[in-house]
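The following pair of complexes shares a single chain, chain A, combined with chain B in the former and chain C in the latter.
This part shows the complex of A and B:
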C-alpha cells in the first residue's frame, strides 16, 4: 500500500486530502450543533463526514480508522434519528472524537503509530452515550461497502430495503400534453429525482423537415431508472398528464445499456440518439436534431445529485462548489513569475521614460494598458493564494479544548471573521504563534473558576479569536476576559531576571511589552502547557518575520488582548517611492495620508530635539527619515521640505521629512531576514526598475523604535532593538 | 596535483584585500561578480556594505577589509564581490581583486601560531605558502556571522 509507484498511492493521497475537507465540515457541523442549531441538515453533514471517511478508509483497508469512525458514526446516527439528544458533555465528547478522528486520519496518512489507547477510551465513552454497553456491533472492514449502510436520509422508512428496482419508463407525450401547458422536462426531472436515472431521447420518429408537422410531437423519452421507488410511485408522477401521453413502465433487468452510469447522459450515446438531449424542450424538436440545446440537462443532473447526494455523502459535498485542486508549487511558480513581470514592467516603463517618449505616444498608452493588466493578473494570482482563516481557527478551537482540559478551566472559544482571507503562507506560519498565544490566554490570561466567581464573572472564561481586514492589513486578535496583566508582578519578574534595572519608571504599555523580552515568563510555576522556555519573544519574532506587528492591550480585571497586524500578501505592495539623502526608499502607500510642503511657521519645537508640525489645527510629531535611518546626522526641516503625513493602525499620526517623491507604484516584496542585519523599521526590500535595491520601510516600526530611544530607559530600548 | 594520493586535495581561491593575500575554499564560492553600487542597510554594522540585486534576489554584501579590521580601500570598478554560500544563505564579500585558483593538499596547510592579541586571528583558519608568499585561508564561518552570533 505504501509502494511509491502504486497507482493506488495517488488515489490514497486524494482520499486524505478529501478527509481534511470532511474533517473541516465535521468541525463546522459540530460547532453549529454546539451553538444550538436545530437544522436537521447540520447533523446530517456531521454524520456524512464521518461516514465518508469511514467509506474511504474501508476502501484502503485502514481498519483502525474504520473501526473508530464506525462507532462514532453509530452514536451520531442516534442523534440524527432523534433518539439521542446530546447535552454539552456529549458535545464535548463529540469534539474530542472529531479530534481523535483527525489524529487517526493523519496517523494513517503518515504511516505513524495510531493513538489507539485514546481511541478505546473515547469509544468507551461514546458507547456509554448509547446506553447499551457492548451494543456496538463490530464492523468487518472487508465486507464494508458504503452503499450497504442505511443512508438514504430522505427515505428512512426504506432503510431496510436496499434492493433497487431497475425500471424502464417509456414516455411519449401527445399533442394535448403540450396544448395543456405541461412540460416534459418537469416530469423527467421528477422521475430522475427518484433514483439514478438514465434518460434517452428517442428521435427515431422524427420525420424529415419537409414532412414535419409543426405541432405534432415526435419525440419520446426512455428513462432507465434505478430506484427504490415502486411502480405506483412512478405512476404518481404522471398523474397529471394521464391520458395526454403514452406511458410504459417495465421492471426487471433490461440491459440495453449499462445501467450503473450516474445521472448525466453517457458521453458517447448510441447512434440512434445523436444528442444527449435528455430533457430538451419540445419546441426545439421540429427544427431537427442540430440545435437541440444541452443546458437543460444540467439542472436535471444537479437535481439528481441533490436528492441522491445522500447516497454516499461525497457527491453532495462536491456538487456545492466546483473546485480545482492545484499543486501549491505551481501557484508559487505563477506568483514568482508575476513578480518578475512586475519588475520587468517597472524596468520597461523606466527605460521608456528615459527614452523621452511623449506621454501621449502609442508606446506610452500601451504601457499604461500593460500596467493595468499586470495589476489585474497580480490581484487574481494573489486571490488564488488567499484562504479564509477558518481552517486556522478550527485548529485553535482544538487547542482551546486541549489546553483548557489540561489546566482544568472551563473555556469557551468565540471566533469572529472566519471568512477573512489571508495569504496561505501567512496562515501556515501563523499556526505556531497563534497556538502559543491561545495557550497563554488559557493558562495565564484566564483566572481559575473560583477567582472568576469571586470577581463576579461567569465561571467559564471566554477567549475570543477575531480576524478582520483593516486599512490594507489583516488584524488578528486573541482576547481573553481574564484578570489582565499583573503589571507590578511583570515588572518585578523583569527586575529579578535582570532584564531591566530596578529603579526604572515604565509606562503601562512599556511594562506590557516586557512580556516580549526573551526569557520572560510570568507563570511562577511551570505548567505543562506554557512556560517551557519559549515565550512571547518567539511569537513576536515569528510575527515579525511575516512582516507583522504584535501589540498588547490589557485592562486590569477585564482581560488582555493581543493584536497581530499582518500584511495581506507577502508578495507585492502598493508603495510610494521617495528619496531620502540620496537613497531610494519605499513606504507602503496605505499609511500615507497626505503629502505636505512645509511653510515657514509649520514646524514648532516641542523641546530640544523633538519637533511637531502643525497640520490643520493639530500637532503631529515630526521625524526626519534621513536621521532616523542614519543616512545623515543633522536634521533638515527647513521651509519647503516635503513631509509625508502617515496614519498608523492605532490611529496615531506622524510626519516624516523626506527629500522628494519619485513615484507611486507596485513593488515586489523581497524578504529580508536577520542575516541582512535588518534594523527595526526596515520591513523588506524591493528591486527597482534600474535594478537597484530599495528598502521598504515600516513606518510604525520606525516610530515605535524612536519612541523607545527617546524613552526614559535607554538600556530597555537597547534590549528591545537587540531582540528585533 | 594529487601526487601523494593519501591526502585530500583542496582548491583555494586567492584574492587581495587591502594589499594582503587571503584565500577561501573554492567549494564555498558560488560566483564572482563585478562591483555594483550597494544599497546601505540602516543601523547595520559598519562592515556591512549593504545589499545588491543578484538576479532578482537580495544579496547582503560585506566589506571584507572592514570585517578584518584592515584599512578600507576606496571602492573602484575593479573591485569584485565574491558570492559565498554559508549554511544555505548567500553572502557577498567585497574584495579588491581576485588573483588565482591554486590547488594544494591539506599537508600544505599550517595552523597559524597562537598570537592571541591578533583580533583577526580567529578568522584565519590556516596559512600556506605559495610562490614564497604567505596566503591566509579564511574560516568562512567566522567571517560571516550566523544568526545566533548576532543574537548573543
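This part shows the complex of A and C:
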C-alpha cells in the first residue's frame, strides 16, 4: 500500500481487504453454527472463508498465516464432512481461532510481530479435537475389514439422467502447491464431490526411494468425472492453486472420451477396478495392477450434498451485488472536491444575490437547480463512504468474548441493526469508545452469576448492541440487563473524590452523568478489564470529537443503556450561520430548537452572574455566546437581544445570546489541524460563500464548559429544565 | 521381520523428509508399517511410501500397511489408493 506503483503491493492490499470480508463471513458463520444452524452451507461458508485466506496468504508467502489457516481448516473440514460434531467448547475454540486468524491477518498486513505463542496453543487445542477423533478410531480392529463403508455406489447410477458430462481432469501438483499449505487430497475430494469420480494416480515419474527428493512432487492424478458440473465449476475447485499445478480438463460431452486422451499414458496403465473392489477386504486387490480406488460411498454422498450447498452459496454470492473496490484516498479527494463545489456554489449564489438579479430570472432559477444538484452529488458521495456497522459490531463480539472470559461471567451479545450505514471514518473512530463501553457493561454493568440468579434473572447476562438511523443521525446503543447504576454509591464516590460537594442534591440523571467526569471510577477493586484509569470521560470525549453525544439511561435492577448519537458524516453539516461580536460563527442546526427575541420580562437573575430566560412557562439558563467565547466582556442580555434556544442530546437546554442570524445553510466541515490549540467549544471551521472562514461551534462543549466553571449553576439550571 | 515402522500422526510436507530417511534405512527386508496413529496423509508422504514400496518390491521384499484408521482409508481413497495398492508401489521394470 505504501508504494502505489508496485502492482504487487496493490494486489496484496486488496488481498487484505478481501481478508476482512472473509473474516466477517467467518464470524457470521461461526455465530450461526453456535446458534445451532443445521444448514450445511453454514459450515461451507466458514470453511471457505478460512480456505480462501489460506490460499491468498500462500500466494504472498505469509507462511505463519498459511500454517495456522491450514490447520484450522483441517479441523473445520472434519466438521464439514460430518466426522466432527463441535460441542460448545469446540465452538468457543473455533471463535478463538477465528480471532487469532484475524490477528494474524492484521499482523501480516501491518508487518507487526505475529502472535505465534497463542497460535501454537490454539493449534494444539485444535489438533486435540482431531486427536480425540483419531483416538476413537485407533480402537478399530487391526484388520480394517469391517470399515463401515459398505459400498453400494455401484455402476447402476450410469442410468442417471442423460445430462451428465464426462470430464477427464489431469492434475499434477507442483512443489509450490505444497509449500502454500495445499493438499491434492482436498482438491481431489472436492472434485469427486462433483459427481461420480474415478480417481487414478499416475506414478510413472516416481523414482525409487534412494533417488527420491521427498519434497518434489512426482505424482499426478487422472480423475474421470461423470458430473452435472460444467468446466468452469471444475476450474473453480482449482481456483486457489492456480499456477501451483498443471490442470488439464478434457471431455465435457456426453460421449465418454477415451480416458487417457489427455494424460500421458503411464508405463503401466492402471486398470480400473470397480468401486466395490476398492474397499473390499485385502484379498480383493488384484495383485500386479496399479492402484485404483474410488471414494467410499458415505463421504461421497455427503460430499455431493456439500457441493450443492457450495454451488448455491457461490451463486448467491455472485448474484448478490457487484462491487468495485476503490482506494479510500480517491474517495477522500472526491469528497473534498464536492466540498469545494458546495463552497463555490455558495459564492456564486452570493454574488448573484449581490448583483440584484430578480429571484424569477433564469439565472436564479438555474442556480436553484444547481443547488439541488450539488446537494444530491454531496449526498451520493457521502453514501460511497458509508459502511454498515457490521464489521464494528463483529469486533465487539470478540470484545465480549474476551472480557466475559476475563471476569468469568457468562455473557451473550445480541446485535441489532448491523446493516445501518455510517461514514467509514466514524466507524473507525468508534471502535475504541465502543470497546470501552462494552467492557464496562460486561465488567460493571452485569452482575455475577450468583447475584443474577438471586435476583431471579437468567444466569447469562445479555449485552445488546443496536444501531439505527434516527432523524438524520445514527444512534448506537449499548445496553446491559444488569443491576443498573448504583446511584448512592456513585454519588458517594464523587463526593469522596471531591468531584461534587457533599451537600448537593442531584437528580438521578445528574448522578448518572457523574460517570462521565474525568477521574471517576466505580470499580472498588481493580479488575483486569477496567480500572485502568481510563474512564467514561474518555469515551465521552471521543464521542464528542465525532460530533456525537452520549447519554445514559439506567433502571435499578433492570440494566443500563448508553446511547451514542452521531452525525451521519463528518464532512458536511447543516448549520445556522450567526454573528456574535463581529464574528461569523456556525451552530449545528440540529441543536437549534427555536429563535427568540427577548421581551422586557423574559430574563431573570438567579444570582449575580447567573441568568435564566423564561420560555413557555419554564426557565432555561441564559448564556451570552460572545462572553463565553471571550469576544466581549460585558454581557448583552437586554431587551430585543436575539436568543437561540438549543437542546442537546442529553435533553438539557440552554439559551444563547447572539447578535444576529445570517443564514441557514449546509457547510463543509474543515477540520482544525491538531497543531492548533484545541479551543473549548470549537468543533471545526468552514469556508463561507464569501471566502470568509467561520468557526463551527460545539454547543454541548460550550455548555459543559460552563458547567465546569460553575458546576452548581449548571446542575441547577439543568434540573430546572427537567422540571418544566 | 523386524519391528514395525510406526508412522507419526501428521504426514504432511515437513514429515516427508524424515519419513523418507526412516524408510531408506529399512529397505533391506520385508517391512511392516504401522499406520495406527496417522490422522493425516499428505500427497508427499504418500509418494514417499509408494516409492519405498516400489523399492522394496524391486529388491524382492514386501511392504504391509497395518492399522489404518477409517479416516486414513478415506484419505487414501481420495487419492486413489487402498493400503494394499499403496503397499504395492508402482510397476518397476
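Structural remarks
Going forward, the second predicted complex is superposed on the first by the 379 of 724 C-alpha atoms of A that agree within 3 Å, B and C clash if a C-alpha of one lies under 4 Å from a C-alpha of the other, contacts with A are read in each partner's own complex, and residues count from 1 in each chain.
Please note the rule applied: contacts are C-beta pairs under 8 Å (C-beta built on N, C-alpha and C of every residue); 3 or more make two chains touch, one makes a residue touch a chain.
The structure presented is a predicted model; accordingly, all values stated were derived computationally and were not measured.
By the touch criterion defined above, A:21 lies against neither chain B nor chain C after alignment on the C-alpha atoms of chain A. In the superposition on chain A, contact of A:192 is made with chain C only, not with chain B. Once chain A of one complex is fitted onto chain A of the other, the partner contacts of A:629 are limited to chain B, with no touch recorded for chain C. Legend: residue contacts after superposition of the two complexes on their common chain; A:537 is shown touching neither chain B nor chain C. Judged by the number of chain A residues each one touches, C leads among chain B and chain C.
Touch criterion not met for A:228: it reaches neither chain B nor chain C. Of the two partner chains, neither chain B nor chain C is touched by A:659. Of the two partner chains placed by superposition, only chain B is touched by A:687; chain C is not. No residue of chain A contacts both chain B in one complex and chain C in the other.
Of all the residues in chain A, the ones that touch chain B in their complex are 340, 343, 583-584, 628-631, 670-682, 685, 687, 691-695, 722. By the touch criterion stated above, chain C contacts chain A in their complex at residues 9, 12-13, 16-17, 19-20, 23-24, 27, 36-37, 39-44, 46-48, 50-52, 54-55, 58, 66-71, 73-86, 88-93. Residues of chain A touching chain C in their complex: 74, 83, 130-131, 133-134, 137-138, 140, 142, 144, 147-149, 173, 178-179, 183-185, 188-189, 192, 199-201, 203-204, 206-210, 212, 214-215, 217-219, 221, 267-268, 278-279, 282, 285, 287-296, 299. Considering their complex, residues 37, 39-45, 48, 50-53, 56-58, 60, 89, 91, 146-147, 150-151 of chain B touch chain A.
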